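Two complexes follow with chain A in common, the first pairing it with chain B and the second with chain C.
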Partner chain A sequence: MKPFTFTLRQEPPQRVDLSALAPDRLAGKSVAQIEEIEIGVTRVSTKVGDLFKISAGDLKSVRYEGGSSRFDLLGAKLLPGFEIHVEGDVGAQCGRLAKGGKITVAGSAGPHAAAGNLGADIEIKGDAGDFLAGPLAGELAGMAGGRIIVRGKAGARAGDRLRRGIIVIEGDAAEDLGARVIAGTIFCLGESKGRVGYLNKRGSIVLARGGCFGSTYVDCGAHQLTFARLLARSLKDHSAPAAALLSRKLRRYGGDTAVYGKGEILTPD
Partner chain B sequence: MPDIVRNGVTIDDNFAEAFPMSGTGILITAPNAKWARQAGLTMTGFATSVIGCGCEAGIDREVPPQETPDGRPGVRVLLFAMSSKDAEKQLVNRLGQCVLTCPGSAVYSTVAGEFEIKVGDAVRQFGDKWQMSKVVDGRRYWRVPVMDGEFFCEGKVGLTKKSVGGGNLLIMGADWDKTMHATEAAVSAIDGVADAIAPFPGGIVRSGSKVGSQYKGMSASTNDAYCPTLRGVTKSALDADIGCVLEIVIDGLTDNAVREAMRAGLRAIIEMGPEQGARRVGAGNYGGKLGPFHYHLKDLLP
Partner chain C sequence: MGTATLDGKAIALDDAYRHAAKILNAAAFPLIAGLGADIAGARAAILLAERLKGAFDHLASREMLADLDVKRSFGMFTTTANEARIRSDCVVLIGPGLTQAWPGMLERLALDRTPCRGAQAEQPRKVIWVGPEGEEARAVPGAKIIPASAHELCGVLAAWRARLGGRPVAFDAEKVSRIDGFVETLRSARFGVFVWSASTLDPLAIEMMQGLVIDLNATTRFTGVHIGARSGASGVTQAAGWMTGFPPRTGFGRGYPEHDPWRFEASRLVDSGEADAALWISAFDGEKPSWSRADIPLVTLAPAQAAPSRGLFIEVGQPGVTHDAVLMSQETGGMTLRKASAPTDAPSVAQAIDSIMAEVSEGAWR
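After this line comes the complex of A and B, so read on.
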C-alpha cells in the first residue's frame, strides 16, 4: 500500500515538534484535521499544513519527502509495527522513547537521537549529533532497548549511560564514547578519541581500532567468545562490518575498574 | 481379535495408551559435534522413566552448524515430566550439573511453549556477579565466566503442557537377535522424526511393566504376560513362535509427533519382515481408561 507521505514545502521557520505526528496518533484523523495540528514551539504558530503537503496512505508506513535539522522528536514514542522514513535530515531527539517500529533517516540526525529508545530499530545514514542514545538532562539512564545504526560519524558522548540495546557507529566517534555506560553494547568501526568507556559499569564496547584505554581498563587476554558469534549473526543483515568485527578473535579489556568494573572493551587481537 | 498381517508381520488390533506430560527442551551447541553430543548424552543420562528418574529425556536430533544460532554444531535435547514444576526442577538441575560443566557448551531455547522456565536466570548465579547479560533480538542471554572461557545460556526456555508421553510399540520376534534387529531399525526410524524421543537405553526397554505386584507397596512389576520364559505358567499373551519381546517407549512434544514416531517405527519393522526381524508387533495399554491419548496400530499402518 502507498505510504502516508508528508512532502516538505519549505524549510521550517522555527524548530518543530513532530511528536504529535506519531502514526498511531494520526489514526482516524482526516487530512484537514492533520493539517491543523500545531507543531511550532514558540508563540508564533506553525501548523502541519504550513510545512507539509500531505498525501494520505497507509499509516503503518510514514514517509517524509524532505527533512530538516529543525525536525525535533521525529518518531517519538513510536509503537511496534510502524515505520517512518525521512528523505533528509532530522533534528534533536529522533526516536525519543520509541517502544518499537523502525525509523530510517537518509540524512543526518541532531543531538540525542534515540534518547530513551525502548525497542525501535533506527538507522541514520548520515552522521549523528552529540549524546547519541544518551539521556536528557536529569535522566538517570539513556537508551534502554532496541538498536541504532549510524552509517556516518557520531558526536561526543555517544552511548552515554546506555542501559540496554545496541549502538553501531560505522564511522568515527567523537570524545567520550560510551561514557557512564550501565549495560548494553556499543560498536565503533572508525576512530574513537578521548576517554572511551569512562566509568563503564557492565557494558560492552567493541572497537575496530584499539588504543590505550587508561589504567582503569585491564587486559584480560584474547578470546573467541560464543556471544560474539550469536551477535554477529543477528547484526549481519544490518551492519556487515560490525558482524565481521565480531567474528574475529577479540582482546578483552575489563573495566572500568574505577567503578563497578564488570564491563569490557573488545578490540581485534 | 482379528489380526492384521503386513509383509508377514502380524500387527495386533490393539492400541498404545499415552498421557499428557510437560515437555521442554534445549539446543546445546559446542565447538565441535563430539562435545555437543557429549553434553546432550550426559544431560539425558538417568532419564529413562519419570517413575524413578524424575523425568524422561533424550536427544531429539543433531543440529548442523548452519541451523544453530551461533553457527556451531549442536544437539536438540527434549525433556518430559509429569508436571511443569518437575520439568523445571529437572531441567535446571541437569543444566547446572551436566551442561554448564561440559567444555565449550552453550544453551538456547528450542521449544516454543505456552510457559517459560527460567534456566539461564538460575544458572547465571554461578558467575558470582561476574556474569553479564546480553539482549539480542529481544531474547536475554547470560555470559557466565568459566574456566574454558564463557558459558553462554539463554535466560528462559519454553515449556508446553501439550506434550504426550507413553506412546509405545511391543516388538516380538523369534529370538533376541532378530527382535533386536527389528527394534534397532524402528529406533533409528523414530530418531528421524522431529519432536519425539525414545528415552530408554538406546531407545529400547526390555523390562516392560504391568500395574501392580504381588508384593505390597510395589506399584509396578514385570509384565509377565509378555515374558517368554513364563509362557506356559502364566496367562501369556505370547504364542509359541515368540522367544523375545522388546519395547520402544515414545515421548513427543505433540500428539502428532508421537503418532508419527510410532508410524515410522512400525513401517521400519514391517519393511524388514519376519525372516530377519519381528514376527509380531503389539502395543501396551491400561484398558483405555487412564490415558486420554490412544494410538491404534491399525491406523498407523503403512
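After this line comes the complex of A and C, so read on.
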C-alpha cells in the first residue's frame, strides 16, 4: 500500500508542534479531520491543512514530502511498527519519547533529537543539533533505549545523560560529547572537540580519532574485545564505518574516575 | 516625568505607551526580553507576556540557567554568605573574576577573620583560590593559590573528586600527592564552602563541584555560595517561578506557560524571525540586546543615558537608585527593600509596563 503522505505547501510561518500527528493518533480520522488539527504554537492559528497537502494511505508508513527546521516533535511517542520518513529537515525534539518504530530524516535535525527515545531506530542523514539524545531542561536522564545514527555532524553535548541505547555520529562532534553518560554506547567517527566523557558513569564512548579526556581517564591497555566484535556484527547493516572501527584493536581508557570510573573511552590502538 | 523618544525624536509619554501597546499587540509572537528589573517590574513584565501570549527571557539567562540546570537535574547544596562567614573554616574560591561578579564579596565573607560559630570557632580559616584572575587573589592575604586557566577548572575539580573517592588519576606520583594534600584539607574541614560564579564556570563544572560537595558530606559538612547573575537575574527567576512555575525562557504562545531554554532564547527568537516584536527592559544599566537583527519592531525601557537611536524608547528609573525597589540580595540570599539613593520622578519598570498594559486588552488581537 502507498504511504500516508504530507506534502509541504510552504515554509511554516511559525514553529509547529507535530506531536499531534503521531500515526497511531491519526487512525480512524478522515483527511478533512486531520486538516483541522491545530499545530501552531503562538496566538496565530496554523492548521495541518494550511501547511500540508495530504494524500491518504497506509498509516504504518508516513512520508513528509518537504521538511523544515521548524518541524518540532516529529515522531514524538512513535509506537513500534510505525515508520516515518522526512524528505527534508526537522526541528527540535525529533523522536521525543518514541517507544519504537523507525524515523528517517533526509536532511538535518534540530536540538534534542531522540530526547527520551525509548526504542525507536532513528537515522539523520544530515547534521544533528545540540543535545543529541539529551534530556530536556530539568529531566534526570536522556535517551533510554533505541538507536540514533547521524551521518553528518552533531552539536554540543551529544549523548548527554544517555541512559541506554546506541548513538552513532559518523561526522564530527562539537564540545562535550558524552557528558554525564549514565550507561549506553556512543560512537564518534570524526573529530571530537573539547572535553569528552566528562562525568561519565558507566557508558562506553568509542572515538575513531582520539580526543581530549583529561586526567580522570586511566589507560587500561589495548585489547581485542569479544563484546566489541559482537556489537560490530549487530551494527554492520546500520553503520559500516562504526562496525569497522569496533573490529580493530582498541585501547581502553577507564573513567570518568571522578564519578564511578566504570565507564570507558575506546580508541583504535 | 520621564522622557520618551521615537527613532530619536521626543514624543509625549502617553503617546509612547499607546504606541508601545500597538507594536506589541500587532505582533503574532511578541518577546519580552532583557528583564533587567526589580521584582515589581518582573511581575508586570511576565503578566504582560501572558496577556500578549508572548515569551520572556532575561539578559543573563545563560548564567542563571547554568546554576539552575544543576539544581534541577542533579541537586545543589547552598548556603548564605552570612552563614559562610560565621561558620566556615575552609573556603574554596573557584574561578576568575569573582570580585567583579560580586564587588562586596570579600567584605561580606570576611575571609581574613576566624569563624565564630561551631566547634571550629576561633580556628584559623583556610582559604584556597583556584584560578584567580591576575592579582585579584592578593586581596585575600594568606590564601593558597592554585593557578588554573578558566578551561582547566573542570579538570582540577574532577581530579579532586577522583582522589577524594580514592580512585586513580593519570598524573605522576608527585602531582597526585599534591592533589591528595588539597583533598585532605577539604576532608578535614568542619564546615567547608565553595564560592563560584556561573559567569566563569559552565554547568558541567558546577555539577562536578556539587558532586564533590555531596561526596564530602559523607564525612563532614560542605556547602556552596553561588554568586547570582547580573541585572537582578536571581530575583526575576524567583518571580517567574512563583508566577509560572518556570524560570525565564518561558512562552505563553498556547495560553499556558511552556519552558524551553532553546526555543525561548531571546536572541534566537529574534534572529530566526519567530518573534516579530520585542520589548527590551534593562533598567539597571541600559545593557543593549544581544541579537543581531535591527529590523524587529522594538520598544526599549531603559535609563535616560541608554536611549537607543532606533525604535521606541521610554525612560525608566533605576531600581534602588531612583525609586525604592525589592531585589534579591546576594548578601542575605533573600528579598530586600532597597531605598532609593537618588529619587527622581522617572517611572519604574512596573509603572511603565502597567501603562502599556492598560492599552492592551485581553483577547483583543485580530
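Assorted remarks:
One rule holds for everything that comes next: the second predicted complex is superposed on the first by the 267 of 269 C-alpha atoms of A that agree within 3 Å, B and C clash if a C-alpha of one lies under 4 Å from a C-alpha of the other, contacts with A are read in each partner's own complex, and residues count from 1 in each chain.
Criterion: contacts are C-beta pairs under 8 Å (C-beta built on N, C-alpha and C of every residue); 3 or more make two chains touch, one makes a residue touch a chain.
Model, not experiment: these values are computed from the prediction.
Because the two structures share chain A, they can be overlaid on it, and in that overlay chain B and chain C fit beside each other without clashing. Annotation: apex chain A, arms to chain B and chain C, angle 130° (C-alpha centres, rounded to a multiple of 10). Using the contact criterion defined above for the overlaid structures, shared-chain residue A:145 touches chain B, although it does not reach chain C.
Touch criterion met: A:262 reaches chain B, while chain C stays clear of it. When both complexes are overlaid on chain A, the residue A:222 reaches neither chain B nor chain C. Looking at the shared chain after the overlay, A:231 reaches chain B, while chain C stays out of its contact range. Taking chain A as the reference, the larger set of touched residues comes from C, when chain B and chain C are compared.
Least inter-chain distance for chain B and chain C in the combined superposition, rounded to the nearest angstrom, is 13, based on C-alpha atoms. Here chain A touches chain B in the complex through residues 119, 145, 164-166, 183, 185, 202, 204, 223-227, 229-231, 233-234, 262, 264, going by the rule given at the top.
Across the interface of their complex, chain C is touched by residues 13-15, 40-44, 72, 92, 111-112, 130-131, 135-140, 161, 176, 179-180, 195, 198-199, 214-219, 256-259, 261 of chain A. Against chain A, the residues of chain C that register as touching in their complex are 28-29, 53, 65, 69, 72-73, 154-155, 157-159, 161-162, 165, 167-171, 204, 207-208, 211, 251, 253-254, 258-263, 274, 365-366.
Across the complex, chain A is touched by residues 29, 69-72, 106, 129-130, 132-138, 141, 143, 149-150, 152 of chain B.
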